[in-house]
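All chains are identified by letter, namely A, B, C, D and E, in their written order; residue positions are counted from 1 within each chain.
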Amino acid sequence: MFSAFDNFPALLIWLPLAGALLSFFIRSEIVAKTTALVVSALSLGIVVASLFYSDPKFYQLTQVSYVWLPGIGSSFALVLDGLTTTLCLLTALVFPMIFLLIPKGRFQSANNFYGLMLLTHCGLMGVFMAADALVFYLFWELALIPVYFLSSIWGGEKRIKATFKFFIYTFLGSLFLLIGILYLYLHQNTQSFSIVSFYGAELTATEQTWLFLLFFVAFAIKMPIFPFHTWQPDAYEQAPTPVTMVLSAVMVKMGLFGVLRWLIPLFPLAVKNFNTTIIIVIVVGMIYASLIAIYQDNLKKLIAYSSIAHIGLMAAGAFTLSSVAIEGILVQMFNHGINIMALWIVADIIEQQTGTNKISALGGIAKKAPMLSVFLVIAAFANIALPLTNAFVGEFMIFNGLYQFKPWIAALAGVSIILSAVYTLNMVKNVFYGESSAAVTKFTDISRVQVSVLSVLTIFILIAGIYPTPMFEFISDAVGPIIKKYNPN
Amino acid sequence: MHITEILFWFLTSLSLFSALMVVFSSNPVYSVLWLILVFFTISGHYILMNAQFLAIVNMIVYAGAIMVLFLFVIMFMNMNKESEPQKSNWLRLAAAVSGGSLMLILVAALKDNGGFINSLRGEGNIGLIKNLGKVLFTQYVVPFEISSILFLSAMVGAVVLAKKEKSPVVS
Amino acid sequence: MPVIPVNYYIFFSVALFSIGIVGVLTRRNAIIIFMCIELMLNAVNILLVAFSKMHHVNAYVLDRATTVGTEAQLFVFFIMVVAAAEVTVGLAIIVMLFRNIHSVDINFLNRLKH
Amino acid sequence: MSKYVFLIPLLPLIGFLLNGLGRNFLSKTLVSIIGTGVLLISFVISLALLQEVSAPGFSPQVVKLFDFIKTSTLDIPFSFQVDQLSVLFLLVITGIGSLIHIYSTAYMKEETAPHFARYFAYLNLFVFSMLLLVLGSNFVVMFVGWEGVGLCSYLLIGYWFGNNEYNNAAKKAFVMNRIGDLGFLLAIFWMLAQFGSIAYADVFAKASTAPVAVITGITLLLFIGAMGKSAQIPLYTWLPDAMAGPTPVSALIHAATMVTAGIYMIARSNVLYSLAPFSQHIIAIIGISTALLAATIALKQNDIKKVLAYSTVSQLGLMFLALGVGAYTAGVFHVMTHAFFKALLFLGAGSVIHAMHHEQDIMKMGGLKLKLPITHITFLVGCLAIAGLPPFSGFFSKDEILTAALAKNPIYYVLGVLTSLMTAFYMFRLYFLVFTGNFRGTNEQAHHLHESPKAMTVPLIILALCSITAGWIGIPPVFAENAHHLSSFLSPVLGTPVAEHGAFHLTHSTELAMMGGLVLLIVIMIFVAFKMFNKENLTAAPYRGISSFLSNKWYVDEVYDAVIVKPLNRFSSFLDRIVEAKIIDGLVVGVGRAVQFSSRQLRYLQSGQVGSYILIMMISIIIFFIFQLFWKL
Amino acid sequence: MNAIIISALWGVLMMYTGFMTSAKRTVSLVAIIGVVLVFVANWLEYLGLSFVNMDMMGMLQFNTFGLVFNGIILFSTLIYFLLSSTEIEKSSHTPSDLYALMFFVLSGISVIAGFQSLLMLFIGIEIISIPLYVLAGSDKSNLKSNEAALKYFLMGAFSTGLMLMGIALLYGSSGSFSLEGVAAGVGVLTPMRASGMVLLLASMSFKVSAAPFHFWTPDVYEGSPTVYTSFMATVVKSAAFFAFLKLFESAFGEVHGEWQMLVAVIAALTLIIGNITAVFQQSVKRMLSYSSIAQAGFMMLGVFALNTYAKQGMILYFAAYSLATIALFAVLAKLKDHSIEALNGFAKQHPVVAFSVLISLLSLAGIPLTAGFFAKYYMLLAVLKYAELLWLALVAILSAAISVYYYFRLIQAIYFREPAAESELDFSGFFKVVMVFNAILILVLGIHPDWLIKLIY
């Protein structure tokens, strides 16, 4: 192994953190933005480099480990393995794009904005890389707090109420998580929070049931899945769109990641008990969210509900415990992030130019902005998982897993495929096609920066849709440990 | 019945009666007087139990100093009339019920405590000033010293509260 | 020799204590309430002395020179000391209040609630 | 040669990329050259492939390009299958595709350069997807193409995106296709679960090992996919609406190629279907019902393209009938002939519309044969072909289907004949209304009437020629033994047609008599049409009774709207406004409210009265005593 | 012992300072020097250097736990003096007397830090309480202050009565006042011991303002001058908790299981009542009073669990809770209007102070990377050691979630809302420095609590 590689995870934490702290003390917006850009670009570089250094065959659960709180058996342990690499890459990819897209003067006291964004960046990286339950929990919260502030300070009119609902909801969830973690820590053989010793915990069926519920609620709220989702549409709508991008592209993956990294490997008995119920609820929720999306007149809310349906599919896939579904989720988490990012960028451009989110007030943008429309159409079709876009691969595999689990559930979930076409195309039609409405008369096509960012995303969408095999190589080591306890051999 | 027992019952019943009168007399001055009677009966009990020092101190400190202070304050406030408004009836009922049930519960809890019998013969003289003083200034010197802080603070406190401010505090 | 079970003292003390509590609960005059609290303290005192005697007698059987039981009597002494200090401050507070509202009725203490 | 097969789809893809990315820079000429050129090259390569596959002793080749999805549990290569069936479709797609591209260069002339390029990009992308569909060597690649053509269909129907009705039509097409796609997808998963692979070779080899119920399930699900794509009951309503797209698009996608994908899929999986008689029954029943239903609707349509659209639905129904009775070759044969004459008819209609300045109501046409001679002749050829008169191609393919149907069940035959007669009637109604009689349009239209340019007429002529001759590769044994070249060509893939290894054998004379009778009936129908519509002064009376019912397409759209769309919308709004806002979010908010409420109530406990504070304390102490001393907690 | 002596002496000195100088600043300076000296003296004792070597006769005994506790108290008081000295000066003509009282309180707390006998407990608590009655009523012309003082006094005296009854019953059953003596039972709770224990439990719950004995808290905290509320709610409450913990650990530790459920019920009640009632409050001061009840609920979990985690967590909780609350009250004391709306847009006007307030609020809410998180964390850990009591932990976190509601209402006002008018407040540079220092301290404890916790070993 390349020794510097071992330090990559730590760098991914410290860099954004340092950048964030620096940002708070910079008065000039340009310098702050540059700092943010440099830091996030460096992170991206590190993640990309780690892709080359990582060796799937060499699977380990800890790479970096500093002693932190010896008194209670926690150490600052991080790992970059197959499960985390794609998510770290996604995080590292999303942030520079967001920074690039923010025009000067959009946000008051921009240095704080960038600082908080970088803190979020740091928190997200930490969540994904943590190899210690306590560290995981801390970053889990660290990712939440800055987002709360970002949304509440720079958000829409009803921001305070909406983001507060979001905050309290997710905070409650994470408190459940905390209880679960502490219980596990206390009732296992070794006095340690490390992921290895957690995986080795031997729990009775009752304990597993309780702990499962605690963990599950936390992750379910974060994802969010039906019926824990009601914070999400409001929060997405009210948050400033760059923050919404973080929320929906990366942050929701925290919940999924939690399910894969912690929930499923830890509580095999409980998972097996509950998974059918959970999958059914999730699938019903997918259809539910899709139906609501059909009715939405608010562009951001529509995307939010669509996201609930898509995340729901991944969550359902995870609980099938089928390795094909989990492999699908691992790539789909990345791909969904890319797709929804593209959708949000488009939504943001529209909101910035027209000042409205109401679909009924929009229309005919395609005539004014053909370039934007091309990107939107691609993103929209990626959103409905058209083959040769990236989402198809993952969703295909997840559906396959669902089918293996219970064919009728796959059929039921499939209804959401149809519904997703309905609402996505409705949106495309009402926003982009038709006659130009009053709101879009002054619409201009997108700037060069926007084109380049959207192009990068589009290229990702297509390449990952046509030739996804390299992604499967990166994640090849990840599935085994997740479902190890379910296959005794 | 031995004289001690007679005394015990006499003091006890008098004490309880006076205590009730403290609670139920509507004139504060009478309350104070009944309370002084309670203290006297309690001093009597102390003597019965051969705790002469406490009996004396009780009379001096409580009946003498403290109650005079009370009386003084009551007089100072001109409250020697019987017109104290009463609490509402259900509140008084609730008070009586809860006080009574606390007594019942404590009695029920403590009624069979291992058969300790307190024979009030004159064994030992621990209640005498000499013996108490010896222990107080050897073993109990630390609390004794420390209670001086208590007095200091009570003193400072009383001064702070009672002192008349010349003018409102200016900032 | 006359023998009085310690239970009598306990019951007596508890009764006195409860009367004090009832007084605290039923009266509205702050001074009377305070006096009822003194009543409660005296109930404790008598109980302590009784216990002191009890423990002393028990120990005396084994050792004539024992000082067992002194500590309770000293405790009573300290209670009296503290009570005195408390009375000082308490009456000062009551007087202060009286100076302001010309009443010591605790039912009028209701500016602070909810 | 087969290793270069990847070029066939790649070239249109390149064309798509060039035209799509360069739409703001390329001139229309350049766009036309790129768009058409790539297709022509593909056509040539396909011809070369034909050479290879028709050589004796050729075995199907699987050309693997790269790993599409390769994980520890799933191995789906991106690979192409080169065999007779796929090459036949390649030829049809690239051939007719090329012609339609050429035609389009003229037809779309009025568009601005970027939109012109966009149009060609879409067309190229469509061809690319269609080629993937037929070339794939496993069901996933087929599915990729399958959805790809759906996308292109969507894009092309909504090509004029300024018009919201077109957009709605596009959306409808896509959504209905998606419903079918779900069936297809589930079938894929089932096959994966059953056979562990979705490569044709593996699936077909292992098919006989699976229980019949499983095969029936899989085939039915596949058929649901086919119903969507090939516009069968109940998923056919999108196709007539799809006429919103430019007419060449209708010709290519909604007549010649994409809609036959369902036929291709079932023909491709014939091994499975042969093992599932129940599915075959279903297919036959649905096919013949669709054929009849669409034919009845077509009788009373006044939009030139709608007539053709319903005719397409009807013909597709016939093809499914063929598949349902096991005559796969007949189905594929009809796909081919239909491709020619329906493309011809659409392009002819396009030529008419072009001349009429986008007027599509046949009641406002009439007497065009003088102004549009070439269009007229070729259109007539198309009509004759579709009506099924010998020696036009339609005759042979349709006859083969009907024969096979008769062999299976006489009712199918009777209904098939009925459909054919109606087809003849409405096609000639169309013909007479458009080309004969008086011109019923505005003066201005009359003034501008002109024959279409070469780029449009030449493809018409070529297609007309094909419409005449295409049937000759499938001469039934009744005319000449072993003249059915198509059948022998396809037999490695589709097996021997049922009629030949005859459980049911008609004598040649009976067969000839039936053919003759049918032809006679068709001629009578044409004559009736001639009588009814070749009038100087035709008045368009409003439809009443059954006519109104038919012209309103059996009110199927209205029923769908009332039964599915509206309730769904209402349900969505119910979910959003009631369930989401009131119940689920209401619960969340309600918890908050409950806390606030209890906060408001609890603080009254804090009464400000010392007495009550102490009382509560005392009560609590008493309770504690009770619990500590008497009722152990 | 060092701390008791120095703080008592300094209390006397403070009384005389009032005679010697009329400059209030000087008085404050002397007080600050005094508390530093007491802190140093305590530190020296921690290092093993005791000024007096007298035989305590088993009345007092100072172990590291007590000394570290005392150190935290003294340090908090130092921060408190630094932040609030100007307000103390404003509160009276003779702040020296009030400082003296606070030094006496400190010496009482130092007694509590080492008590080994119920007598010392009693005296210590009285030394703490009596000056507090006075401090509560120190704003003599303010009726609310008067009311607070009288309520506090009456209820405090009443609870003293309960406590003494409890002590008497314990003496009756064990014949001793020392903690070991009381503990040296037969390992079961006789009815008399149990009765004594229940009464002690009630009176200690009263001192720490645990439900249902908390009723005095909101009224007294609201009525008292804000500076002294701060002192009462932090330093004094911590001391009461220390006494509670030590008493029940030493005297009733062996029969832990017998009374544990009772404490669990008290803790749960405190958490629920404190948090829920705080939600609706409109006055920041009163809200913080309820919040202090809620925090007491969390600390009760430590008393409930009585294990290593509980002790470690208590130490951390004292520090986290005191530092945060002192900072909040310090700002609040400078505000004229105590409604939440008065804080609108505070961050725009005073970014530095707002930041410190933010950190304090986050710490109180138990957000990670602040000291408050680890404090709560240890408490939960302590509770979860009892596997069957998951419900108690759930109650705790549900109330923590509710607490976020009202703490974040303040954050919303401070950070997300627009100011109504120009702020007339002016914070001195020194004040800002101390506030920031305090915030950094909270963060440091939140990142590495081990630095504090390992001191007790």
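Rule of thumb we're sticking to: a residue touches a chain if its C-beta (ideal position, glycine included) is under 8 Å from a C-beta of that chain, and two chains touch if they have at least 3 such contacts.
Keep in mind that this is a model prediction, so the values were computed, not measured.
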item: Neighbouring chains shared between chain A and chain E, ordered by label; value: D
item: Chain C to chain D, fewest steps along touching chains; value: 1
item: Far-end chain from chain C, centres as C-alpha averages; value: D
item: Taking each chain's C-alpha mean as its centre, the one farthest from chain E; value: D
item: Between the pairs B-E and D-E, the one where more C-beta pairs touch; value: B-E
item: Inter-centroid spacing, chain C versus chain A (mean Cα positions, whole Å); value: 66
item: Computed distance of Cα centres, chain C from chain B, in Å; value: 5
item: Averaged-CA centre spacing for the pair chain D and chain B, given as whole angstrom; value: 102
item: Whole-Å gap between the CA centroids of chain A and chain B; value: 70
item: Of all residues in chain B, the ones touching two or more other chains; value: 87, 91, 94-95, 98-99, 102, 106, 109-110, 113, 139-140, 143, 147, 150, 153-154, 157, 161
item: Overlap residues in chain D, where contacts from two or more other chains coincide; value: 603, 606, 608, 610-611, 614-615, 618, 621, 625, 629
item: Touching chain combinations (by label order); value: A-D, A-E, B-C, B-D, B-E, C-D, C-E, D-E
item: Interfacial residue positions of chain D with respect to chain E in the complex; value: 592, 595-596, 598-600, 602-603, 605-606, 608, 610, 613-614, 616-617, 620-621, 624-625, 627-629, 633
item: Residue numbers on chain C that touch chain E, as the complex places them; value: 10, 13, 17, 20, 24, 30, 33-34, 37, 40-41, 43-44, 47-48, 51, 54-55, 58, 68, 71-72, 74-75, 78-79, 82, 85-86, 89-90, 92-94, 96-97, 100-101, 106, 109, 111-113
item: Chain C-facing residues of chain E, complex; value: 119, 122-123, 126, 130, 133-134, 137, 140-141, 143-144, 146-151, 153-154, 157-158, 160-161, 164-165, 167-169, 171-172, 175-177, 218-220, 222-223
item: Complex interface listing, chain B residues touching chain E; value: 106, 109-110, 112-114, 138-143, 146-147, 149-150, 152-154, 156-157, 159-161, 163, 165-166, 168-169, 171
item: Touching residues on chain D, where the partner in the complex is chain B; value: 611-612, 615, 618-619, 621-622, 625-626, 629
